[in-house]
Structure formats: C-alpha cells, structure tokens
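The letters A, B, C and D name the chains in turn, as written, and every chain counts its residues from 1.
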Amino acid sequence: VLNESVKDDSLGLERVVFFSDAVFAITITLLILEVRAPHLPEGARNRDLLEAIVGLLPKLVGYLVSFLVVGSMWIEHHRVFRYIGQYDDGLLWRNLVLLLTVGLMPFPTALFSENHKLGGSLAVYAGCLAAVGVAKVWLWRYASGGRRLLRHGVSEAIVGKVSRRSWAVPVTCAVTGMLGALGVRFAYMGFAFIPAVAWLFDRIGRTPALDRGDGPTSG
Amino acid sequence: VLNESVKDDSLGLERVVFFSDAVFAITITLLILEVRAPHLPEGARNRDLLEAIVGLLPKLVGYLVSFLVVGSMWIEHHRVFRYIGQYDDGLLWRNLVLLLTVGLMPFPTALFSENHKLGGSLAVYAGCLAAVGVAKVWLWRYASGGRRLLRHGVSEAIVGKVSRRSWAVPVTCAVTGMLGALGVRFAYMGFAFIPAVAWLFDRIGRTPALDRGDGPTSG
Amino acid sequence: VLNESVKDDSLGLERVVFFSDAVFAITITLLILEVRAPHLPEGARNRDLLEAIVGLLPKLVGYLVSFLVVGSMWIEHHRVFRYIGQYDDGLLWRNLVLLLTVGLMPFPTALFSENHKLGGSLAVYAGCLAAVGVAKVWLWRYASGGRRLLRHGVSEAIVGKVSRRSWAVPVTCAVTGMLGALGVRFAYMGFAFIPAVAWLFDRIGRTPALDRGDGPTSG
Amino acid sequence: VLNESVKDDSLGLERVVFFSDAVFAITITLLILEVRAPHLPEGARNRDLLEAIVGLLPKLVGYLVSFLVVGSMWIEHHRVFRYIGQYDDGLLWRNLVLLLTVGLMPFPTALFSENHKLGGSLAVYAGCLAAVGVAKVWLWRYASGGRRLLRHGVSEAIVGKVSRRSWAVPVTCAVTGMLGALGVRFAYMGFAFIPAVAWLFDRIGRTPALDRGDGPTSG
C-alpha cells in the first residue's frame, strides 16, 4: 500500500518521529518506577531514612545511568532523522524494531540494579544496549544505502561519518558485556568509552586507505 | 457542536493523530512492566541468573510479540489516517473505541504470558486483537463511506484495497483463537499469517466479479 | 513574564495542547494497569481461566467506563481549544488544574472497581469526575469571558452553547454521586445521562427569556 | 556532528520541545500510581471507606503538591523555550539533565508521602526540586550566554528577568530543605514562597546598582 508515491508525505514522517519520541520519553520516565520509596516504621529517625536511601543507591545509580544512556540514544535518533526526508514501509519496520530494543531497556536496568554484584547482569545490560545499537545501524544502512531516504543536501561526508560512528555502541557494549561476564571489576565503566570509540571509529574510517573500503556502506 | 464547518481544521486533525500516537506509544511501552526483573539471593552465580532469565522467556516473548503486534496496528493507523483529511464527532468516537481496544492489549499479553499452556489464554489474546481489527474496520468504513472524510486525491483503488485488507486481522484472529481454545498446538503461529491473509483478501477482492459486489463498501 | 505580547505565539499554544493530550493519553492508558492478569496454577483448565476472567469483570468494566469517560473529556478539551487562539498565564494554570483532576481519575476508577458494592465508592468517582467538569467550566469562563482568548470568528452562539453545556458534567455527577452514597441501586447509570443533560441545558439556555440572564456567562 | 549549520532547524527544535513535554507529562501522570486504592473486606461500610481515604490523605496531598510543582516546572520550561530559537549539542545535553531531575520527582514524592513525619524526607524532596532548579539555571545560562541560542527580538530586559528569577527555586528549596531536616514544623510551607522569592530576586536585581553586576549573567 505504501509506495514511492507517499515518500514526500512530511506530516507522515513527522508522525513517525513523534511516535518514536513518545516511546523514548515513556521508557526513560518509567525507569524511576523501579526505585520504590521505603516506608519507615513509626518512630524512625532521619539517620534511618538516610540508611534506607543509601541502600537504594544501586537503583538510583541505575536510574541515572539508564536515563543518560536512553537519552543519548534519543539524541542519536534525533540526529539521524534530521538527515532523513522520506519514509517507506522498510523504514517504519526498522524503526519499530529499534523502538522495541529501546523499550526493553527498563528490564536490564532493573536486572542490573537488583543483581549488580553478578557480572552476568552487566552482560545482559550490555547485550540489550548493543541490540539498540545494531538496530540503529540497520535503520541507518537502509535509509542511507543508495541515499534511499535521505534529505537533499546531506553530504556524503556526513553519511560516512554517521555510518562509521554507528558501530561504537555495539562494539563497546560487546566488549563491556564480555568483560562483565568474565567478572572483571568496574567493567561497567566501559560504557563511558562510547564517545571516545565513536570518535576513534570516525577517525580511522576517514583515513584514505579505509575510506575506499567504507564507500559502499555509505552509499 | 462539531459540524461540517470545522471539517477542514487541520490542527484539530493533527491533534487527533498525535493523541492516538501517544496512546499507541504508551501501550507499547507499558508492556515491559510485565517482565519483572528477578532478585537473586546473595551468593547466586551467573548460571542462576541465566536460569532465572530462561524462566522469564514466556514473558519476554510476550513482550516481543505484542510490541510487534501493537506496533503493526500503529503502522496500520498511520496508513489509514494518511488518507483521511477531515474529522467529525463520528470519527472521534470511532477512533476512541479503537484506542480502547489497543489500550486493552497489555492485559491479554500478561494473561497469555502467565498462562501460556492454557489454550484459552490464546483465545482471549486473539479475541482482543480481533476487536482492534474490527474497530479499525468500523472506523475506516465510516471515514471512507461515500468518501465522507477522505483527503482529495485518494483513488478508489486505494480505498478498495484498504477495505479489503482490513478484514485480515479479525478473520485470522478469530480462526487462531478458536484453534487455541480447542487446544491445537502452535495455534499462536496463526498470527504470523496476517500479512498473507491480507494479501489474499486484497487479491480475491480485486477480481472483476467480486469487485462489483465490493463497490458499496468503498464508496 | 508572560504578557499580552506573547498571546499570538501559536507554537506555544500548540505546545500547551500537546502537553494536555499527553496527560490525557497517559491517564487513559494507565487504566489497564489496574487489571492484573491472574496466574493460574499448573493443571488449571480453560474453565478456571474463564472463571478468573469473570472475577475480573468489575475491573474490566471499570477500565471500559473510565476509558470512555476520560476519552470524552479529551474530546471536550479538544473541542474547547479549537475555539481558543491565544494563551496567557491564567489559562496555563487553569489548564494545569484541569489536568490535575484528569490525572486523578485512575484512583477513583480503582477504588470503584475494588469496592463496587459500596455506594460510597461511586460517590468518590462521581465527585472526581465532577471536579474535572468544574475545572473545565473554570477554564472556559476565563478564556471566553470578554472573549479574552478566543480565536477570531468564533460566534457568540457557539460561546453560549459551550458555556451552557459545560454544566452537564458537574450537575449530573453531583446527582449520581449523591444517589450512590444513599445506596440507590444502578445509580452509576446516571453517567449515561450526561449527553442528554448537556442537550437539555443547551435547550433551556437558548430560550429567549433565559438567554438574557445567560449573557454575562458567555461574554 | 551537530554544528552551527543545523542551528536553524526548526523541526529539530520542535522535537526537543515535544520530547521534553512528553517527559513532563508522563512524570506528572505517574504520580497517581503511588496512591493505591484500598480494597475493603466484604461487609465494609461507607464510613470504613471514608476512613481508608482519610488514611490516604498524605498520599493524595503528595499527588496534589507534586502535580502542581512539576506542572509549574513545565510552565517554566515552556516559558524559557519560547525565547530559544536554535539548539546545539550543548543544549540537548543540558535539557536531558533537566529532564533527568524532573523524572526523578516521583521518588521523593513517594518518599515524603510514606514518611511525612520525618523531616529528612522533606529535605530529600526539597533537594530534588532544587536540582531541577539548578539544571534550569544551567540550561538558561548556556542558551542565553552571549545570546548563543536566543530567538531574535528577545530583549535584554527579558533575559535579565529570567536569569534573576531562575534562582528562586534552588534558593527557596535549599532553605526549606534545611528547615525540614532541622525538624521545623510546617517547613514544607516554604515551597509556597517560590513565586514571592522569584518576584523579590527580580526586584532586587533590577535596581541600578545591582544591574551592573548582573550584566554578565544575562549576556
């Protein structure tokens, strides 16, 4: 039903974007539901309250980290869709799969908060986040392949840059998750390297030698 | 209060669409709340975590399937509203009933996840999904009947196509639900046939003989 | 900070409307969370499932009724804001109070579902719904008084009609709630009279004699 | 990736605004989930229901207060973004941090509702609200510094006014929180002074002598 003819339907594209925004916003806001407020018994003191809150720290940190992680995924989505000017069924489905992985995030967040001493929970978290990253790569390759759905005026340099940087999330998460599963301490700090890895991938990809090999990806 | 005179209120129509998007987005995102992260006791190992997650598989599959099902209903809604250019009270109420059936979906999803060995739970799930499909047929017949609310330039061919395909969800779900209630194994795989049935209904409807009988539906 | 000068900020008004839509949409979708899916023990049969679902009927009816009630409040909000073309701090706060009453609705819905045999729970439900109605009257009187924030081209006839109909929800709910508190059976059916009462109020108000007295309300 | 060149992307800015609206709307609507409806035993009377509701008053007041508090934060956000006409990565991240503090509010709300006799819970609430205020100051200083992202036509007088008023929330909350931690009764009434403090800060800042010192803040 949905063919070439409707590619220039800008209200339709706007709706796809706002639907996605809503899913991101709800996912990010549901995270706080995992942090249950303690009910202290009659006669408790402020120091008991403080202790109860300290006991909640893993959950509060989980909220904080996942809020920023999902939020940065939203910023990425926002960025990518600024370069997309048309849509078709293929994009709708790939976007839905991306949202499916995003909407899953409250689960690994809670799993990690509840079992943060188990390296396996970090591996699950990293795996889910890697899935978000892979879904984004999948969407971007579809939209940018042969400039299928790109807006006019988006340069090849930008397409290449986005393509190269896209792999930072899956790769960093895979490494972080494996380190976590192996029981390496502070493995979770691996997530903090995502921006650096993105920069590195972009930098490497831009070297003349690799640029040739990279060409097909961005066109 | 709301009459012919306001039919061309495009901001108003946009608001209907965005309100619907929000309901779809919230429904789809609430699905994950059903998957409660397990809290393992002190001293648990990664293999215990793995076992716990395997125990959650029916719920995770429920999330996955319902996300895609509700998501494809959203894509359908998106598709239909691209052909609608005006609105009136009749459309608002039919759309509200459609959203009511969509908003119900987390319940059969949880019911099926919790009792997936009972064929009856599949029947309930299929019944609710069939209700979404019927509500959509109801909305589309109202909007397209006599071209009441259609955008200019939407061809009769498209109207007919959407009308014919609309029955795929209710019919496939009815059959799937009945098979499930009868205890047929793998009955739930029936949902996967929805796209094929839609194609079939469209194909059959397009034959010249049937097209005449179908005329009144799409006009 | 927000004065006359920004009254014509259409993006700002759009944002108020979409924020309100989101609150309505979330409220309406959260209602299903109250209907918890039962988990049947190993070896249960379809008839056990059926019984469990029958036991949930009060909650399912609660979902159904409140979805339609909050949905019709949204339709009302949608209708009223089509006549409003400007905004100021007064409108923002009145709208926030209206949303506060809307956002409260999941509580009386759950209260009534859990204790439907107690007339008092119907009174609480009716009271909350009446509060939504009063908040809407308050907002509309502010926006339409002296045509403060109305869009150009909205006739006095429409202003009067909306004003007169606005009282149907508070009045019908007050009567329904009182009947409920007194233990009258089927008192909850009072809500079904809202459309008829709205029509009646409009009809009475339009008679020449009353119209003069009604003038100040709508201007 | 996101540089000067995309500053005038108005759809992109709109998306930032709607994403923020959604987070505010969801946060505000989730608050009611904390108010669990009681289930009275068979044979209970209306007076039992009344007692149960009276027992819920702290939670209902918590809903009311936090709805208005988060709602007024939204009004502030709405106000500030009317003066912003462009965006860049710096704004996106500052906005995300602001939303992170907003999304946290259901937790202190529940904490205070559950433990309202403990002054410490008021301190936590005030601290979280102060964090929202500080995040807003941070965002506004970035957007307005050197008029980096301001819309054309926004006067220096408005910039100064918003800057001066911005400190009212953090300062009032800090004082209120400290009084609460010290066990001062009715300390929570401090929040009601926020509008007055905002007015005072604006008034003081506007005096010629202080205006010179304030200059750098607003430019």
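Keep this in mind: a residue touches a chain if its C-beta (ideal position, glycine included) is under 8 Å from a C-beta of that chain, and two chains touch if they have at least 3 such contacts.
Note that the structure is predicted; figures quoted are calculated from it, not measured.
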{"item": "Those chains which touch chain C and also touch chain B", "value": "none"}
{"item": "Remotest chain, chain D as reference, centres from CA atoms", "value": "B"}
{"item": "Distance between the centres, which are taken as Cα means, of chain D and chain B, whole angstrom", "value": "38"}
{"item": "Cα-centroid distance, chain A relative to chain D, in whole angstrom", "value": "27"}
{"item": "Residue numbers of chain B (touch at least two other chains)", "value": "18, 22, 26, 30, 33"}
{"item": "Touching chain combinations (by label order)", "value": "A-B, A-D, B-C, C-D"}
{"item": "Contacting residues of chain D [partner chain A, same complex]", "value": "1-2, 6, 9, 11-12, 15-16, 18-19, 22-23, 26-27, 30, 33-34, 89, 92-93, 96, 99-100, 103-104, 106-108, 110-111, 113-115, 118-121, 124, 181"}
{"item": "Parts of chain A lying in touch with chain D, wherever the complex brings them together", "value": "14, 17-18, 21-22, 24-26, 28-33, 35-40, 44-46, 49-50, 53, 60, 63-64, 67-68, 71-72, 74-75, 78-79, 82, 158, 161-162, 165"}
